[in-house]
Amino acid sequence: MKPKIAVFDFTCCEGCQLQILNCEQEMPDLVAALDIITFREVMTERSDHYDIAFIDGSCTTESEIARLKEIRQRAKMVIPIGACACLGGVNCFKNLHPMEDVLKAVYGQAAPYYDTIPARPIHAVIPIDFFIPGCPIVKEEFIRVVQEILAGKAPYLPNDPVCAECKMVGNVCVFDKGQTCLGPVTRGGCKATCVTGGAVCWGCRGLIDEPNINAEKEILEKAGLSIKDIVEEFSLFNACQEDVWK
Amino acid sequence: MEVSRIDINVHQLTRVEGHGNIIVKVSDGKVEEVRWEITESPRFFEVMLQGRRWKDVHVIASRICGICSVSHQLASLEATEAAFGIRPSEQTILLRKLLYVGEVIESHILHLYLLAAPDFLGAGSVFSLLDSPEHKDEVLRGLRLKKLGNDIMEMIGGRAVHPQAATVNGFGRLPSTEDLLYLQGRLRNALPELEAMVQLFKGFELPQFTRETEYIALKHPQEYAWIYGYISSTDTGLATLDQYLEVANEYCVPHSTAKFAKHARESYAVGALARINNNYEQLNPMAKMAADELGLKPLCCNPFMNNIAQVVETVHVVEEGIDLVEQLLRIGIQEEDIVVPVKAGRGIGAVEAPRGLLIHDYTYDENGYIVEANCVIPTNQNHANIQRDLEVLVPRYLDRGENELRLLCEMLVRSYDPCISCSTHMLRLELR
Amino acid sequence: MDVFITSKADFDSSIQRMIQQNEIYGVKRKTPSFAFDRLVAAEELCLDYDITVLPPTKYLLPPTESLIKFKLAPEPSIRSSAEAQPCILIGIHPDDLHAIKLLDAVFTGSLTDVNYLARRRATTIVGVDCVNPWPYSFAASMGTAIPPRIFDLWLTDLGDEYLVEVGSARGEDLRKRYLKTRRAREVDLRQRNKVRQDWLKKYQLSLDMPPQEIPKVLDEAWHSPLWEELGQKCLACGSCTMVCPTCICFDVRDGIELNLKEGERYRRWDSCMFDGFAKVASGENFRPTGTARLRHRLYRKGKYMLERYGELGCVGCGRCVHACLVDIASPVAAYNRLAKEAR
Amino acid sequence: MAVGTELGSSLFLPKLAELLKVEPLSEKEKLFQLRLKDGSRLNHKPGQFVEVSVLGIGEAPISISSSPTRDDSFELVVRMVGNLTGALHRLQPGDTVGIRGPFGNGFPVSELLKRDLLFVAGGIGLCPLRSMIQHAIDKREQFGRIILLYGCRQPAEQLFRGELGEWRQRPDIEILESVDRCPVDVAWEGSVGVITTLFPQVSIDPGKTTALVVGPPVMYRFVVAECLKQGIAKERILLSLERRMKCGMGFCGHCQINNRYVCQDGPVFSYAELSRLGEAEL
């Protein structure tokens, strides 16, 4: 029996769902191996009988909480995908302001019609079975997770920092170029794609299980960042994980 | 057929980016309500940009939209560069244009094959088309073209969604000559596929529905404008970028989390059709032939033709890509020092995102931190026009019955290729 | 000894011909450093480089490498994927060649790793003396700045010419096919000895003892406070091991296709500095702290490898010294400090 | 240089083996009987282990729990703890797995000849010991006394209950059993308490005895102390260790303890040797 797959979008840029659609070469095999039954962005058909729910985006409204609870009830496996769903991601920024102010400022008189709550990752609302981090998710990792689930394996979640893969692909460390990087404390598995792509690691895959935050802060300071800059660096994708890095 | 009562409530329209509803109520043969409603949760990006260092700004801006992340990045980079008084090198501009070609191909093909085509082929999704022996090959062709777009973005930008290489005044990583030669081959090989795409869409029957409106797009004296130009309107002619606020009058409407916009009339349209209506003459030869073949001529006021305009533009950008690669090979890729002279100031960046005119407007302090940011999103500019189109379409097709009318409404909205999540992320948050 | 001289101009055109007919990897600029990469044109080759980001051992033990391929249907079957394409590595420094000597001892000793052996045999090694030691290297004091005799060809930069030493039949064949040489004379050899002495003096870091003494120092150092001091700063990022030419630890994983009919087992670089490296399925972690891991790494380099394979596990290239962002990975700093503690 | 040697067959290439029998032993452990498909014998020594693969899932080191003195099949006991072990538990007789090895030194059988053997097994530790126990039973005349101290957390976790019953019948084997705790409604004739409580119940001749100890890491320290107290020499206390392992050949580095590789130099070590290794923490 092919597993029945649903893909849901919450508050996000939908780039992670797009990454699924970007598996152009694998698409025929994916369609053959999976029974994709709900995927609003590309499907009109839909069904509520799914085994695995992939969730893109973070939870930012009351109605999304309700929707998540319903998904949890129906799905055997819930797998958040992407920084917004796994970490809260960039959405967590609005949490820094009181929600009534946010609403009033935006909608004025109409505020009571709208529903906004502090942004949060999916696991803060419902229990999850696994997660695929990244902003956006890495196509190859998505495929691998699907393969492992199909094979009856618990999917592998990398816990080595980005630096390790950055070295494996042979990058020159950006600290050597006078830039700064969150690679030493960020969960690898992306092949250090941002450094390889000419940028730095912004921490989109979240922190590793036991990050040495003090050591990281020390090297950022040594590289000339102010406390404010360091906070910004961490808060780009990890604003909701404040308790770990503050 | 006598239709006295219609109650259409499309909750979360499918095969579009983001969340929107279509509500149509007809009773006793009278149209009581036609509403295009946006329910996407807002994300307040303009506030997020406030206080950020210049080097992170385009990284954050990219996250406004996963589908047109390159557009947001480039508009953002242009705004920052304008604020700092930077003029990027020829190489940087060529590479940006090439990156853009990748995005336009990917985005248009995504819409044409994965979102729109199922309507014309009577399917619910591309997945069921892949299962059908009749359509499988067409879909595979679409996927190949889509991959071409993604591969260009990967090679030039680092990856397809939220690429990392483009930075203020340059590229953090440059393609090699072999990369460019490889792309050249890939682009050339795509030409026959484009021909097949044109034939496929020629076979689709589009509703003959027209409604005159204003079309706004960037315009450039020398080229079909993508990432540089003036603002051009089919009603009022040219305007400079700093007049953008007069053009895009944004306003809030009840029950929508997105803002609407108007200019010379009560609504206007942006996007592929708006571009062709403004810049038809600058299309490449093959693209013009495709336009001819598909019966697209300015001024075209059938919103469903936006699909066709995307087909034509896809042909155009592949040709443009071949040309850009040749230019890059001619000048030879050089490593450049990326110098960024930070200073206080305001800058505006404007690009034609696949879905239409996109503007970022930043004000920086002397240390390169953002003081104020404003963004005008394509789909916001289209919401009002979609609403007006629906208001005219519904009474005209009332006799078709509820099901067909619902499909027509959906197809109409879909033909704008709306990017709803973008459109709600730019709500201004003024905190006191 | 077969030693020859070739002019630099001739050498460049030889390389160009070599590139046309062979798969050849050489040292190229990778701003602000250098890297071994596939050569496309002779002018890309930099033989006066200081260091490469990754050592050339990446061609013998690649970051990921398929070990076996299998089919599950219709009948289960497995085959080895040990295979290698012939290639030439050009520009290997003496210290990196010492590392290869150690790898040979590990992988072709009492048990043979055929994946390694296949690659090793397919690889022709053209080395070069290090003219510009980088500031983090301490190879001179490790005795690894002079190449071991396991090369096919060895180049020494004599100004306008290279001195070319032939180390194997394969090297001789390469010389005959591509290089325009004359036999070296006594003065050339004297010149080589002289420049080598000059270069040795350029190393900025040095071990305060003969390298053979390191194990003795370590014998007394198990409880040194140094481990704790360094260990708590460790990011467990693995950078120090990833860049090291003698680090060889790997993880083994299975991959399977979406059709569940075929797949492969592959190995991938691993690091004893990762916190999960010694963790078993029951949750027990046999090296749970940065302190224990850092100590293990430096013992392995300075003692265990020597005891097991007859070669030190550190060749003094200095890559880890520089790669470590918190400045704790340096073997030379640690060994010198421990020696001082012992005195 | 060895580089000139012939490319042999890859040590990473498993042989295919057929599952002949799958038998649940307890809630979490199953016994697997296997035979190599190419008809060859495994040729292992008691105390060695194999790397078992389920293709597509992975590989894990598993002790061989049957004696080479039996037939051309061999037996493994696997506790379900994760991916590979979970996949094994889903297999049926007739299915195929991959086998590499045997690996490791195994018990030093020739040094054990004529000696009294004190087997101390904690939980699943009985599995590797069973290969040696079977061996000693099959060649009973070659060894002195055979004493087995077997401790589990509770009666239901006892493995090989049938075989234990047979051993208990034999006059030439002495068996003492303990459980950490026993539910009130379960009949239990052995001791209640940790395994070391069994020591005072046997009298051994320390000069003639070799202790063979396998169990969870926490058990080792206490059992070793007890053995020493009984006067058994450090060299005569043998322990089998578990470490993370990926290759079984001393390449991958995971199982290293100081300069020793558990997969090659072990898994059986004397306490004398382990006490010199700082990382063994014994």
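Read from first to last, the chains carry the letters A, B, C and D; within each, the first residue is number 1.
The rule we apply is simple: contacts are C-beta pairs under 8 Å (C-beta built on N, C-alpha and C of every residue); 3 or more make two chains touch, one makes a residue touch a chain.
What you are looking at is a predicted structure, and each value in this text was computed from that prediction instead of being measured.
Novice: I'd like the most central chain, judged by C-alpha centroids against the all-protein C-alpha centroid.
Specialist: Centroid comparison flags A as closest.
Novice: So using the touch definition from the top, which pair is joined by more C-beta contacts, A-C or C-D?
Specialist: Answer to which pair has more contacts is C-D.
Novice: Rounded to the nearest whole Å, what is the centre-to-centre distance of subunit A and subunit C, using the mean of the C-alpha atoms as each centre?
Specialist: 37
Novice: Let me have the rounded angstrom distance from the C-alpha centre of subunit B over to the C-alpha centre of subunit D, please.
Specialist: Computed from C-alpha means, the inter-chain centre distance equals 66 Å.
Novice: As a quick test, compute the distance in whole Å between the mean CA positions of subunit C and subunit D.
Specialist: 39
Novice: Can you work out the whole-Å distance between the CA centroids of subunit A and subunit B?
Specialist: The mean C-alpha positions of subunit A and subunit B differ by 25 Å.
Novice: Taking each residue of subunit C in turn, which ones touch at least two of the other chains?
Specialist: 31, 253, 255-256, 260
Novice: Where in subunit D do residues touch two or more of the other chains?
Specialist: If we look for residues of subunit D contacting two or more partner chains, we find 56-58, 82.
Novice: How about subunit D: which of its residues touch subunit A in the complex?
Specialist: Interface residues on subunit D, with respect to subunit A: 56-58, 82-83, 86-87, 90.
Novice: Could you list, by residue number, the parts of subunit C that touch subunit D in their complex?
Specialist: Checking each residue of subunit C against subunit D gives 67-68, 70, 72, 76-80, 82, 104, 106-109, 111-115, 117-118, 120-121, 150, 222, 248-256, 260, 263, 265, 267, 270, 272, 277-282, 284, 286-287, 292, 296, 299-300, 303-304, 307-308.
Novice: Where on subunit D is subunit C touching in the complex?
Specialist: 1-3, 5, 7-14, 16, 53, 55-60, 81-82, 85, 96, 98, 216-217, 242-244, 246-247, 249-254, 256-259, 278-279
Novice: Along subunit A, where are the residues that touch subunit D in the complex?
Specialist: 151-154
Novice: Please name which positions on subunit C make contact with subunit A in the complex.
Specialist: 30-33, 35, 53-54, 58, 63-64, 233-239, 242-243, 253, 255-260, 269, 271, 274-276, 290, 323, 325-326
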